[in-house]
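Two complexes follow with chain A in common, the first pairing it with chain B and the second with chain C.
Moving on, here comes the complex of A and B:
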């Protein structure tokens, strides 16, 4: 190795995206957390204030449409981060995001089950509740996996910045 | 010891990135075609659509895949600093989300004429404008992959874009024909743009032949001519189906019209630079 050259850390997954691209991806991940928050708040509102008694919710309810729209955006961002991970050589980012994508797909199926089998807790079958629980649990799993993917992106940014500073 | 040129490495990396993104655009185009076809099938053949109707689920899956791929192409193009492709695809992504939202409202109220019109228009706008946008993205990315990104646009490319924009407007006007209030105007606009699309596709074919014959080696690009010819055949059949529908009625012709219309889009995509096909010309 030439004198004065800085070695890139071997165990780190830095990918080939570059600092600017990684920062853009991190911004996308932050935006995704905001979407998770909105998804959680709208989901909880539907759970507590709409479907807690005998009332049911239909697919065309404005809040439900908003919830689904935010869910679609959330899914799209997880998919984009996954694609970035696969294309730019960040295996862990790709795998964690793939897990989040798979979780959101199953959660969506749970949500559709809840809607198609009555859309209410008190007046519907036990399968409706299974749909609701699946949606909630897999939402949490997707959040957890997205968090880890974001940590890996942040780590790559910090390592690249540190090495650049050392240079 | 091997010596490497950083500039050459950067160029190779950019070219490889553009090629990968071009394959993603091809996938986006495939899902756009599937979304359009299943959507038309749903509109014409299924009565009383609900969230559990198999066709609705199929349409939901393929359209979600199209939306997600559009968003992915937009963001990845931004990462590769391709501003035009990124902007076009992110705008298309937003329009697709609006179409999806209208679709959710439609499922709750599938008999209200206003809801039906808004759903048809927003969805068809996403599909229609997805056609020229995906062709532009593909041609730009393939140009970057081949290193011909900064060369001036050829006559065939320009006419292909014009044909795709015309096809997009035909599709949007076609959606408007389902609204009773605008039926007459919509039919006139639809027929007008359909005729323009046929003319422009004929122009693509003629220019493909002329550009090939002007080549220094006097060899034609047979692939481009073949696909331009196939595109012209498809759009002409779609036009004939439209005439039958107006005179004889029957929604099955609308489905066939959409099917061959999608084929015309696919063939025009190939003409605009899709990385599909074989090297038929003999190298000299």
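Moving on, here comes the complex of A and C:
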């Protein structure tokens, strides 16, 4: 090893992105959490105050359109983080994000099923309920998986900072 | 990895126990919301339920999704107790406060949940209050998840500090 080169700890997944790139990825992850928060609140509002167990909701409902838009942005960020993980050798970040991406895709299918089959709990078929349940449960799974990916990015930053400082 | 001193090794082990507990807690959080969604889509308060404590609490046993939801909610909240104990041992004040906050949020949720059933009973039938109760329950759940999420950030920081700053007899970065 060249003199002055840093010996990075081998049991940590630091990737080859560098500190600046990692910080940018972390900022994206934090932005994604804001989107998750908005997605959760709008979803909850629709669930409690619009459908309320009896009413239906159309795909063109303004709040629903906003909810879907946020979901799309959420998907895009998860996809970017996953790509970064695969391209820059951060296997765990990539796998957690891949899980989040897959969850969001299935959740979206569930959501569309819910909307296309009536979008109301009391008046629609049992498949509507399956769609709704799948959407909600997988959204939450995506949130947890994204969180673990974020933690891995954050840990890589902390390790690089600590090791560089120690040097 | 650098050689760990005895003290840092003990600290590291305690932090890893907290990590394990948090994995379990997050799994229970997820199970709570999954079961909660089952309740949300499949459960309706029966007309036979009366607005009294006995009748409301009986619902928790008579409905399977509701029982699963409440059980996972109790388990996920309960996981904060060992986390607080361990965090106190490693002097991670932020983690203690964040989990105390998470438990407090869940307590509010535990009041809002039965209130939802109370306001949904045919005798009371107050949709506005029932919706508010559900909204409060879901909001404080999210708050508890956020607080628990944040606690893990502090634990990761401390773990990195112990491994790469505190325990290193030599500067880790020097080849």
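Assume the second predicted complex is superposed on the first by the 160 of 167 C-alpha atoms of A that agree within 3 Å, B and C clash if a C-alpha of one lies under 4 Å from a C-alpha of the other, contacts with A are read in each partner's own complex, and residues count from 1 in each chain.
Going forward, a residue touches a chain if its C-beta (ideal position, glycine included) is under 8 Å from a C-beta of that chain, and two chains touch if they have at least 3 such contacts.
Everything numeric here is computed off the predicted structure, so don't read it as measured data.
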| item | value |
| --- | --- |
| Chain B versus chain C as contact partner of A:141, first or second or both or neither | second |
| Chain A: partner with more touched residues, chain B or chain C | C |
| Partner chain in contact with A:48 - chain B first, chain C second, else both or neither | second |
| Which superposed partner A:65 touches (first chain B, second chain C, both, neither) | first |
| Partner chain(s) touched by A:155 [first = chain B, second = chain C, both, neither] | second |
| First, second, both or neither for A:84, with chain B first and chain C second | first |
| Contact set on chain A toward chain C in their complex | 1, 3, 5-7, 9-11, 37, 40-41, 44-45, 47-49, 52-53, 121-122, 129, 132-133, 136-137, 140-141, 144, 147, 151, 154-155, 158-159, 162-167 |
| Residue ranges of chain C in contact with chain A within the complex | 1-2, 26, 29-30, 33-34, 37-38, 40-42, 44, 127, 131, 134-135, 138-139, 142, 146, 149, 152-153, 156-157, 160-161, 163-165, 168, 171-175 |
| Sites on chain B touched by chain A in the complex | 13, 17, 20, 24, 51-52, 64, 67-68, 71-72, 75-76, 78-79, 93, 97, 100-101, 104-105, 107-109 |
| Chain A residues touching chain B - in the complex, by the definition given at the top | 16-17, 21, 24-25, 28, 58-61, 64-65, 68-69, 72-73, 75-77, 79-80, 83-84, 87, 112, 115-116 |
